[in-house]
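Note that chain A is present in both complexes that follow, paired respectively with chain B and with chain C.
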Partner chain A sequence: MELKSVTDPQYQILLDEKKDFRRKTYKKIGLTIIYIFLVLWAVFTFVPLLWMLSSSFKDSSAITAVPPELLPKKPTLDAYKRIFEVGGMARWFLNSTIVASISTIINVFFASLAGYAFSKLKFPGRNTIFWVLLSSMMIPGQVTLIPLYILVVNTLQLENTYFGLIVPGMVSVGSIFLMKQFMSSLPSSLIDAGRIDACSEFGIFRKIILPMAKPGLAVLGIFTFVGHWNNFFWPFLITNTNSMRTLQVGLTSFRFENLQDYGAMMAGAVCSAVPMIIVFLALQKYFLRGITIGAVKG
Partner chain B sequence: MAATVSETSKKWSWVNFKQFMKDYGWCYAFIALPFLLFLVFTVYPLITAFIMSFQEYGILESKFIGFENYKYLLENEIFWKSMKNTVIYTVGTVPVNILITFFLALMIFPINKRSQTFFKASFYLPAVTSGITMSLIWLWMFDPTESGLMNIVLGWFGFDQQMWLASSDSALFSIMLMTYIGGHGSGVILYLAAMGGIPKSLYEAADIDAASWWSKLKNITWPLLKPTTLYMLITGVIGSFQVFEATYVMTQGGPNFATTTIAYLIYQHAFQYYQFGLASAEAFILGFVIIIISVLQFKYMSSDVEY
Partner chain C sequence: MAEVKFVNVIKEFEDEKKGKVRAVNNANFVVKDKEFLVFVGPSGCGKTTSLRMIAGLERQSSGDIFIGNRLVNKVHPKDRDIAMVFQDYALYPHMTIKENLAFGLKNLKTPKAEIEAKIKEAAAILSIENLLDRKPRELSGGQKQRIAVGRAIVRNPSVFLFDEPLSNLDAKLRVQMRVELSELHKRLGATVIYVTHDQVEAMTLGQRIVVMNGGEIQQIASPEELYENPNNMFVAGFIGSPPMNFIKARLDGNQLMTADYTLTVPVGLLDKYKAYQKEEVVLGIRPEDIISLNLLNHQPNHNVIEPTLKVVEHLGAELLFYFNIGEDQVTGRVGADAKLKSLSKVKLYINMEKMHLFDPNTQERI
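Then we have the complex of A and B:
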């Protein structure tokens, strides 16, 4: 009996189907577990941001209430009022916008100029100069910080000025590297065509390279903007009046001047984080693409 | 007559130079301004910092004191304490976060493209908020009273309240804990890109040999992702050796120097006590350590991965 059933072709098919079914079920169960885990982890990483949002709408008594309120029972904008009136959020926000925008434009412009030269032009010393730039990336920022501070504050007298805030970020080797990586993937044939048509070198750059490099410029621009918006240390050193502080510096000084006012701090954190989250959600595609440009190929 | 000789040779070189400029002048014009700014804002400060590290710096007058700054630091207890804190922080965060990133990427890889994009974006999102913002949020979450979120959560599970940042035993660990949650997005994206580049044929061959999931992971996926892992390791170590914002905003290096990192100590020496020479020496030691570690990692961990 036993022997017969094993060799029975009908039974064999049934057995195969059963095996197949089992494999598919395992796969389904596996995928479900994966999805559950990923969703949980995503929620987990959002907890700090959600807690920030929830706390920012609580009034001073609700924030320390026992038992704690996970969501504010009576949401108010009091905390926002404090960060704007006691802190000076409007001015910090404006300063950050100005500094981040101007720095980004200048930085991307220089990076695209140099990136073009390093990727598409051939000249004596090109590789040497590029390696000099690149090796400077290994040096931590703290090393150059003190002389830079003396240069900008004492020599150039730029303390508490927008120019002082912008000046050291005008050129960054990382941006040049990213632009070089991106531009080497552009076709050289159009550049040659431009030369044959007696286009000037700058004309080639402006009329042929820049339009082709737009996606790369967008990626670099977005990353640079977010970077400058979130930058803390340099603006912290170079400003000492409340009206010149950028958002990050303002928030930090508010923390030390109003030690226990967590509601207002969270309201300030919302003002700092939400614009960047909106930028990210709107330009997600560029962010996700941009991360791999500089890293993997390098 | 001697003048004409030099005249002609000068003329010769002048013509050469003109030709050279005609050929390459534009190329240098493209990099001239960025390179000039690089010289002024990176190279000049670098050289000055090096000189300053051998000086007792004063605004009006600085005097050379040889290796005194370095000697002082190497004999200083707080310097070693901060070095220890920085190393503990690095060892406790970088490898853990690389593993978290790796497993997240491993889980995202088999699911469909649309869900992939969704999770990539979700995991990346916290990274667009600044270090200061995150530090403020965590400062509030770590509040040692019963209104701090972390203590609320511990309460749900019946645990006692903790002091978190307020105790020298747990402060550094709390700051490390903060890095485990969120901020893996860019690493996940890098891993996924690299995983997509591994040829399917390798897995098919392994399937024929009836290799287990674990052995495929151990023998194919992990070794072939080594370049990405190395990149994340090097950049991770460089970053964590310079950790500053979290300790500045949350603990000011305390309590009792428990969270004083090298970067924080440099800040204190430079901009609270205005000991620019000492701080420069400190920064050079930090830079030296970072470069040595990067080179070692590169040497011992990079292998030619080709597929």
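Then we have the complex of A and C:
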């Protein structure tokens, strides 16, 4: 077939096909690059976790062996035995669970109340109070640490108690901010409808707002729980007996002056990571919905 | 008895940029018992604010509100014997339809058997029996609308408040729901106060209509009265679609001189316009009072004009046509059998018996 000119319809079809092919090829190349990048990223983040897991099953000589063993040749549970028998892992675990759970519940409760008030209730000075609270986020934690320590230890005498561990973290401005943003996206007409439907103000919060805010509460719950679970510095300052230590603080007791018990630390880290993974998997449904909060209307 | 009365009601808002904004200025009106009253006006005219003040969701800055002879200035919404239907339906998304309907009654500590009976009754009225176990997200817009109305019905209030309830529905469903709401009003025999920005809805539903603009009540009247005798240019322009034409003119004896034509004012009307002799006025004429001569079986000898049509729009049963008199664009509406063509010169008869004159300064009808 002879194609005479560019205006020939056959020529146009050929041209279109060629363009189409080229477009598809570019798309494939682009996707391949993205996939390679993502796989590398996944490996990059996963290797330390794998290393932690495999090291926790190694004996002390295998951990520092050169070249490193990716998988233990002689797997052993010695490290786990050590942290439970010598260290008091069970107690630390319990302490961490108590502190993180109670802090999370209290935080979610207060932050959702405050978030509701800041987003939906009208009262004089609402914006001013909110901005004052927000601006306090700019003060670094290190600055307030010493005054806080003096307050909690000297004034309130809460050293080495659960109260001392929990009280300073009962509510955070970040949580209030998150809840305010989330609750602003809930329609105000529902609150009006609740008022007309003879619901008390707290009833509106409990029966209408809270059930609708579940995804937001779940996200906040995860963030707070993870934050408190992983918190090291404050529990480190405020506790001074082995029985009051939380998990993260307890793990440091495997570091001695000239020697570090890597196996025990890795085993402890594995134990400390497991609850996080469980929490995430349990609330994943809400968590993923929470990330897209406000992105989808309706 | 559920009369609703506004006495000198003012509502001011504190706006961060504009300072004090007066949303409703000195409103005085009475909604009669069992009346269907519609508030209509452009957005921001204060109609929804008025409704929310009746509901008790906003507190007026000054003035008194009475519901059924009871001063309700400080009465909580739940004790006002009202129910409200919201624009976005405001159904509780985490509850089933049945729970949605029962929520208010439960809060009022109504006995369970009574709640069941009331839900059953409301469901039958609105034919929503098969939806009771579903969640709001499983329903279509029209169904949600019905549930929202149902939630108001079960409360058996003496006053129903509707805040633009049909504005989220498509055109066809809107017409259907309009008819249903009208029937419902007759059946329930309650006072209904209805807010809308759609003048067609207002005209078809309302026994009386309150036209608002910029926080001020412009006119309160029956739909016919509003259409035939608008108080001012705003009402004349807002009610009716397409709106009334306004043409600049000058009155001289019984002659009304527009930029292009001289029209004759009917003798019966001249007395009213005495004070405006030799003055600038605005002639108001409805599109249907501009009639194509080929549709008339008599040939009038005055008030006939012969403009060139700019555009003719075919709407099926009728035609809309546009032309200019001076700088003013004029819209006319005739039956499709007039067979008008764009860019043609046609003879049009202006029915001056239906004319209105407005004062160009105050915009009030003369």
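Note that the second predicted complex is superposed on the first by the 247 of 298 C-alpha atoms of A that agree within 3 Å, B and C clash if a C-alpha of one lies under 4 Å from a C-alpha of the other, contacts with A are read in each partner's own complex, and residues count from 1 in each chain.
Keep this in mind: a contact is a pair of C-beta atoms (placed from the backbone, for glycine too) under 8 Å apart; a residue touches a chain by one contact, two chains touch by 3 or more.
Here the structure is a predicted model, which means the values were calculated and not measured.
**Student:** Specify the outcome, clash or fit, for chain B and chain C once both structures are aligned onto chain A.
**Tutor:** Chain B/chain C on chain A - fit side by side.
**Student:** Using the touch definition from the top, say if A:Ala193 reaches chain B (first), chain C (second), both or neither.
**Tutor:** Only chain C is touched by A:Ala193; chain B is not.
**Student:** Could you say whether A:Ile208 touches chain B, chain C, both of them, or neither, answering first, second, both or neither?
**Tutor:** In the superposition, A:Ile208 touches chain C alone.
**Student:** Among the partners chain B and chain C, which is in contact with a greater number of residues of chain A?
**Tutor:** Of chain B and chain C, more residues of chain A lie in contact with B.
**Student:** Taking the superposition on A as described, I'd like to know which of chain B and chain C A:Thr144 touches: first, second, both or neither.
**Tutor:** first
**Student:** Quick one: angle from chain B through chain A to chain C, Cα centres, nearest 10°?
**Tutor:** About 90 degrees between chain B and chain C, seen from chain A.
**Student:** In the overlay, answer first, second, both or neither for which of chain B and chain C A:Lys81 touches.
**Tutor:** neither
**Student:** Could you tell me how near the closest CA atoms of chain B and chain C get once both structures are overlaid on the shared chain, in Å?
**Tutor:** So the smallest C-alpha to C-alpha spacing between these two chains is 10 Å.
**Student:** Following superposition on chain A, which residues of chain A contact chain B and also contact chain C?
**Tutor:** 298
**Student:** Spell out the part of chain B that touches chain A in their complex, as residue ranges.
**Tutor:** It is residues 24, 26-31, 33-35, 37-38, 40-46, 48-49, 52, 59, 104, 107-108, 110-111, 115, 117, 119-126, 128-134, 136-141, 143, 145-147, 149, 152, 181-184, 186, 189-190, 193-194, 228, 231, 238, 241-242, 244-245, 248-249, 263, 266, 270-271, 276, 279-280, 282-284, 286-287, 290-291, 294 of chain B that touch chain A.
**Student:** Show me the residue ranges of chain C that touch chain A in the complex, using the header's touch definition.
**Tutor:** For chain C paired with chain A, touching residues are 52, 55-57, 76-78, 82-84, 86-88, 90, 92-94, 103-104, 107-108, 137, 151.
**Student:** Quick check: in the complex, which residue numbers of chain A touch chain B?
**Tutor:** Touch residues, chain A against chain B: 31, 34-35, 37-38, 41-42, 44-49, 51-52, 55, 63-66, 68, 110-111, 113-114, 116-118, 121-124, 126, 129, 133, 136, 138-151, 154, 167-168, 170-171, 173, 176, 201-202, 205, 226, 229-233, 237, 248, 251-252, 255, 262, 265-266, 268-269, 272-273, 276-277, 279-281, 284, 287-288, 291-292, 295-296, 298.
**Student:** Using the touch definition from the top, list the residues of chain A that touch chain C in their complex.
**Tutor:** Per the stated touch rule, the residues are 187, 189-190, 192-193, 195-199, 203, 207-208, 211-212, 298.
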